Amino acid sequence: MKKIAISELNSLFAAIAADRKLYIPTDDSTGQSQFTIWEEGSILSRNVNTVRSAKDSFFPQVENLMGFKVTGKQIELIETRDPAESFAVFGVRACDVRSFDILDRVFLTEPVDTYYAQRRENVCIISLACGKPSETCFCTAFGIDPAEPKGDVTCWMTGEALYWQPNTEKGEALTAQLSVLVDADVADIEQEKAAIRATAEKLPFGKLDLSAFGQGKTKELFNRPEWKALSQSCLGCGTCTFICPTCQCYDIQEFNNGKTVKRFRCWDSCMYSDFTKMSAGQPRPTQTERFRQRFMHKLVYYPDNNEGIFACVGCGRCLRKCPIHMNIVKVIKTMGEGTK
Amino acid sequence: MQRVKEKAIELLRSGEVSRVLGWKTGEFFYDLTPAVFESVEEVEKGFVFSLFSGANLSKYLIAESKKEGKIAVFLKPCDSFSFVQLQKEHRIKRENIYAVGIQCDGMCDGESLRSAGCEGMTGVEDGESLTVHTLYGDQVIEKKEALLGKCQTCKSKRIVDFDELIGQQGEDVPSDRFAEVAKLEAMTPEERFAFWRTELSRCIRCNACRNVCPACSCEKCVFDNPVSGVQNKAVADSFEENMFHIIRAFHVTARCTDCGECSRVCPQNIPLHLLNRKFIKDINELYGDYQAGADFDSRPPLMDFRMDDPEPSVIYTRGGAAK
Amino acid sequence: MQVNKEWTPTIVAFCCNWCSYAGADLSGTNRLQYPANVKIIRIPCSCRLNPMFILRAFQRGADGVILCGCHPGDCHYTTGNYYARRRMTLLFSMLEYLGIERERTRVEWVSAAEGAKFAATMNDFVKTVTALGENKRLEDLRCKE
Amino acid sequence: MQKIGVFVCWCGSNIAATVDVEAVSQALAQEPGVVFSTNYQYMCSQTGQDLIRDKIKEYGLTGVVVCSCSPRMHENTFRKTCEKAGLNPYMVEIANIREQCSWIHKDKAEATEKAIILGRAAIAKVQLNAPLQAGTSPVKKRALVIGGGIAGIQTALDIADAGFQVDIVEKKPTIGGKMTQIDKTFPTLDCAACILTPKMVDCAQNENIHIYAYSEVEAVKGFVGNFKVTIRKKARFVDTTKCTGCGLCTEKCPQKKVPNEFNLGLDNRRAIYIPFAQAVPKVATIDPDYCNMLKNGKCGVCAKVCGANAIDYKQQDELIEEEYGAIVAATGFNPIDLSKFNEFGYSQSPDVVSSLEFERLMNAAGPTGGTLLRPSDGKHPHTIVFVQCVGSRCDGGEKGKPYCSKICCMYTAKHAMLCREKYPDTDVYVFYIDVRTPGKNFDEFYRRAVEEYGVHYIKGMVGKVVPENGKLKVQASDLLDNRQLHIDADMVVLAAAIEPDKSARPLATMLTASMDTNDFFTEAHPKLRPVESPTAGIFLSGACQGPKDIPETVAQAGAAASKVIGLLSKDHLLCNPCTAQPDEMMCNGCSSCEKVCPYGAITYIDKEFRGPNRTTLLRRVAQVNPAVCQGCGACTVACMSGAMDLKGFSNRQIMAEVDAICK
C-alpha cells in the first residue's frame, strides 16, 4: 500500500503520464465528467462517475478497420490500425472495472477481436473506490463492492490522501516507476471502506432481486406481456446503449472519399430500427422487440453464455440519462414482480 | 396537481376516452415516464402529474391518435404548441384526441437537480423552495435554480389548442430566450467556432435529441436512410457532428416550437436549443415574427416568401464582430 | 492531379438551368476568363439546391460554394428563387453562427444575358475564398488524405 | 454498374486548342464504369453521331457521357442519337468543356485538368441515371374562356373557328365587356359597337361556342388537358329558353330607380332589365336587390306582361360541371375607384367625370343620347379639362398604381378631338406627364389632335379642382412655361388608371396561376411566352395580363387562341420526364412540398401500408401529377425526410457530381 497527498495528485498524474497516455475523469464545461487525456492543468473530477463509460478506451465509438485505395481500376489494401501504445486509465469505478470482464468475454474469446485485444493488453487500469455513491448506483446488486474495486491498481481517496494498492504485475510495474508515492498502512483506509459500504447498504436498489433472470429464463420471459407497456414510450434513441459500459454491438460501414474507401466500425444500438437489418428485413420490427432484446441480452442471453454472469454492472448511467426514464431497474422490478 | 389525475379518471370512467396519455410514477420521485393508461385502476396506481412531468407528450400522439378509440392527452402550454404544429402538418388525427390543457409553473428533473448540486437524492419536498433529501443529508435549493433549462426561458403560458382546460388560460410571457443567441452572435467567428466545437464534440450521436423532437417525426430520417447518401450512424469525423446538427436544425426551421426537449434529453448537455433558436431569431428579424404552433393558419416562413425579402448577403452586414 | 504547386481553392458553383447556367455559357461564348477552379453543377432551379449539397461540397473538399439563379421575379418556375433565397439566407446565417467563415458561401442572381456578371462574380468569389485560405472549419479529415 | 462510353469532342479547335482531348479521354477511361472512351473532331456531326451509335451497340453501353459544348446546345442532339441506337435518351450526360472550360481558360494544363474533372462529374452522375419515360395524358378537346369581353370573344371565336368546342363564362348578363361602353375607337375613330356587336352575334350563333352569361367559375380541379370546372349559373329569374328579349317587361316594371351600371350610374334602369339593345344573350334579368317581388313578394308585373311566360321568381342558381383541356383567363380590367382622389373633386361635383363616364356621355346610346351635356345641369360645357395619369404611375401610396395604364393617352386624344370636332366652340385642355403614343398611327393621331383640332396640351399636373359657382376651378402648373394656371372649367375628365378585375385574384388561386403584386396575371416568360401562364394549360388573353388597347387585346386573344388550338389538337400530352417523385414509404404527409409547388402538382391521398407484425397502417402520402409537375425541385428541398426526389436531378446524382468535383 502506497499513498500520496491530495495536494500532490498532479505530480502523480505527471509521473504516470511520463511514458504513456493517461486518461482521467475531468469536468466538462457543463459540470459533467468525462475521461480526457491528462495534461498539465487537468483537474480530477469529483463526480461519482463519467457520462460515458470507461469502455471507450478499448472499444471506441468509431474505429477504422482497414482501407482500400483505388487507383484507376486497381484496388490496394491499406492497414489503418493504430500502432500499439501503452496507456493508463485512472479513476475507473468498481462498476466499470467489472464491465471490462464482461466485454473481455465477448471480444477476447475466439475469434479474438484483435483491435480490442491490442488496447486491452496495453492498458493499466487504475480504479478508484466510490466515496459518495449516487442513488442511481446499484453495483452491489451484482456483487460488486464499490469500496474495493479491482483493476491493475486500486485507489481510495480520503480527505487528505490518495491510497494506492497495486493488484497485478502491470500495477506493480507502474508502481515501481512512481517515486512520488510513499508507503502507507493498509489499515489507514479501513475506515473509508467501511463508510462506503455503509452508504452502499442504503442504496435504494442495492439489493435488487434478480432471481427472475439469469440462465435459462428465456422461455419464461420472452413472451411476457409486460414488455409492451415497458417499451411503450421508448423513443428508440441510443442513449442507454452508448453510455452503457457493457453494450458491445457495432456496425461495420464504409466511407468513400473518392480516392480511398475506409472500412470502419461504429457502435450500434439494438434500440435502432435498422439494427441487424437483413435483406429479408428487420428481425425486430417494433420497438417492443428491440427493447426486449436489450434487456434480455443483458439479463438472460449473456448469462446463458457466460456462466450466469449478468451483463449489467449497476453503474446507473441509464437511470440518469434515459430521456423518458425507462431503465433496467424498472424492467427488473416489473418483470420480477410479474414472476412472483 | 391532483386535479389532473382526477380528470384522467373521470375521462376514462365516463367513457369519453378509452386511453389516457400521461406520466407514470417511477422508482424515484423524479423519473416519470410517459405512458398510456387504459383503465381507471392503472391511473390510480401509476398516474402522476408533478414538478417532474417535464416530458412533452405530443409526439406520442402521432402513433396513438391513429389507433382505435379516443385518447386523452395532457398538455402543458409549451407542449400545446407542438400539438398544434403536428396538426398543421397532418401528423395526428385530432378527432381521436381529447386534449386537456394544464397550466404549468416550470418543471424540474433529476439532472437539473443534480446540476444544482444534489447527489444521492431520495426524496423532495415541494414548497417555496425545494428540500431535497439525499443519502448525505437534506439540501435546500431555490426552485428557480432547479428548473429545466427550457422552463427558465418559458415563452408562453398560453395553451394553444385544447378541449378542456385545468387551471387558467395563460398568455405569452416576455422572455429573454434569445439573449444567449445574441451573446454568441456578438462573439468573433473564432470564438463562436471554438464554442460550438467544444459543445458539439461531446455529441455521441445517440439521436435522443432527434427522437424526442416533435418536429423530427419523419417516417425515416435522412441520416438513417442508406439511400439518402448522407446516412451515418456515428460521428466518424467532426464534420458529421456539424452536418447532423445543422441539417437537423434546418429541417425543423420554422417548425420548431422551441419546446426545449432536445436540450433536456441530451445526455451530454449540448445546448442544442441554441441552434433552433438561432433560426427562430433570424426568421423573426428577417421575415417578421413567427412562432411555430401558435396558430393553425399561418404559412411557415420557409414555405413562404415576400418579393422584397432581404438578400442572403444581409448576413454579411449584420451581427457578429468582424474577423 | 494538382497542376500548380501553389494552393488554389476548390469552388463549386450551382447554377440554375435557365438563367445562370446560360449566363455562364454566355461568358464562355464571350471568352470572359475566370479561374479554372470554379466547377459548375447544373440544377433545374435555384430552389433545387438542398443545404445538404452545400455541406457535402465542404465535406468533400470545397473551399467555397456559390449558388447562382435567376433574378428574383424572373424565375423560370416563377417562385423557385424566392424559396431559395430564404433557405440560403438562413443556412448561411447558421454557418456563420457556427463560426464558419461567411465569405465561403454566396448567392448571386445572374441572368442569361449577364455573361460578364457571371465571370466577374466568379473572379471575385475566387479571390475572396483564396484570401480566406483552406476550408478548415467545415472539413472532413477523411477526405483530405 | 453502368457500362459507360465517353466521347470527347474537339469542336474543331474550339475545345482541342485549349484542352488536351486525348489526355481527357485517356484519363476518363480509367473511371469506374467506363468501358470505352474516345475523342473526335466534331461529335455533333453525322460521323460523330454515328460513332456514338456504333459504340453503344458494340459495347452494349448503358450510359453515355459526351464532353462537348453546353448541354443547352446539343443535349437534345445526343439524346436523339442514343435513342436511335436503342439507349434511353435520359442515359446521356453532357460535360460542358467548351463554354465552361476551353473558352474561358488559356492554360492548357489547367483547362485539361478541369475538363477531366467535369467529365468525372458527368460519369458519376450517369452512374446513377435511370431510364426515364415521358408519360402521356389525354387531352379533353374543349376550352373554357373566362370573361366575355373583346379578349374572351376573340379567343373563343378563333378556337371555335379551328373546330374545337369552347365555352365562355361571363359574370355579367351579357357578353361584350368594356368595349360595349366605348363610343369610338382610336386611332381610326370607327364606332366600337359597329365592330364589336357582329362578333358578339357570331359567338351566339357559332355551333362550337356555348355562352354561360351571368355565370361565374366556382371551382377548378385537374391539370392541363384535364381540368374539371364547376360553373355557377346565377339565377336570372327569367327562363332564358323562353325569353324572346322583347323588352316589354323592362318597360312595365314599376321599380324605376335602379342605377344603370351600363351607363355607370349616369341614368337609371328598371329592376328587370336588358343591359343594352345589342346584348348577347338578349334576355331579361331580374335584379334581386331591387325587385319588389323578390324582396317582399309584392308586385309580379313582369310575370303578368310577359307573353312568353318566361318569368320564374323561384329560379335558383345552377351548378354545372364541365371538363376542359385548356382554360383562358380573359377577366379584363376596370377603372380604379376615384373616390379617393379628393383633390380632383370627383366626389364633390358630378361634372368631374371619369373617362369611361365621358365615353357614355358622348355615346348615342348613352344617357344623353350622344349630346355632350354636363351631368349637373344638362348644359353644354364650353371648357373641358382632361387630367392624365390619375392613379397611374404613382410611386408608393395606396391610392394609385405604380404602372402606366397605357390606353389613357390615346383615348384622351380621341375624346379631345371628338369634342373639338362636334363642338368647335369648346376649349379643350389636356394636362399630362408624358404623352405616350407608341403604336401604329398613334403619334399621328395625337398630333392631329394638337395641330388640326387645336387641343391645348399642357405638360403639367393638375393640383386641385374646386367646384365653385357652377364652375370647376382648376389649379394646375405648366411645367414647360414654369407657371401656375387657373382655368374655370365646365367639365373635368379624369383618365383613371385601370386595374385588373377584382374577380381575377380568387380565380388565380383556383387556377394556381401566379399573379404579380398588382394582380395582373404573370406570363410564363415575359418575352418568349407572353400569352401562357406558368401553370400549364392556363392561357392569358387581354388586359388581365397587363394594360392593353383593343388591337393589342385582339392580337393577344388570337395568340392565346392559337396556343389553345395547339394544345387541343394533340390527343395526348407528352410530359416532362424529369419530374418530382415521392417515395411513399418515407413520406410524412406533412404538406410541405404541396405548399411550395408553384403548379399545384402535388396532392395527398390516404393509403394503406403494411405495418410490422401483419398490421396495416393508413398513411397520408404525397402524389405528384407528372402531367403538371415542371421539375423545378422546390418540393425536394422542402421535404425533410428526403421522400421527394427529382428524376434526372436526384439528390444522389447531384451529390455524386459534388463528390467528383471536390475530390
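Remarks
Lettered A, B, C and D in written order, each chain numbered from 1.
Here is the rule we use: a contact is a pair of C-beta atoms (placed from the backbone, for glycine too) under 8 Å apart; a residue touches a chain by one contact, two chains touch by 3 or more.
Keep in mind it's a predicted model, so treat the numbers as computed, not measured.
Between the chain pairs B-C and A-C, more C-beta pairs are in contact across B-C.
With respect to chain B, maximal separation of chain centres occurs for D (centres as means of Cα atoms). Between the Cα centres of chain B and chain C there is a gap of 36 Å. Between chain B and chain D the centroid-to-centroid distance comes to 47 Å (mean Cα coordinates, whole Å).
Chain A and chain D have CA centres that are 69 Å apart. Shared contact sites, meaning residues of chain B that touch two or more other chains, fall at 222, 229-230, 236, 302-304, 307.
Annotation for chain D: residues 596, 638, 651, 655, 659, 662-663 touch two or more other chains. Multi-chain contact residues of chain C, defined as those touching 2 or more other chains: 51-52, 56, 60, 79, 83, 87, 140, 142-143. Taken as a graph of touching chains, this assembly is complete, with every chain in contact with every other.
Residues 517, 585-592, 595-596, 604, 617-620, 638, 640-643, 651-652, 655 of chain D are the ones touching chain B in the complex. Those residues of chain B whose C-beta lies close enough to touch chain C in the complex are 184-185, 189-196, 222, 229-230, 236-240, 242-243, 246-247, 249-250, 253, 275, 278-279, 282-283, 286-287, 301-307, 309-316, 320, 323.
Residues 1, 3-4, 10, 12, 21-22, 24-29, 31-34, 36-37, 39-45, 47-53, 56-57, 60-62, 74, 76-80, 83, 87, 119, 143 of chain C touch chain D in their complex. Remark: chain A residues 70, 72-73, 257-259, 282, 285-286 touch chain D in the complex. On the chain A side of its complex with chain B, the touching residues are 28-32, 34, 48, 51-52, 61-62, 132-135, 199, 202-205, 229, 232-233, 235-239, 241-243, 251, 253, 255, 264, 266-269, 272-274, 319-321, 323-327, 329-330, 333.
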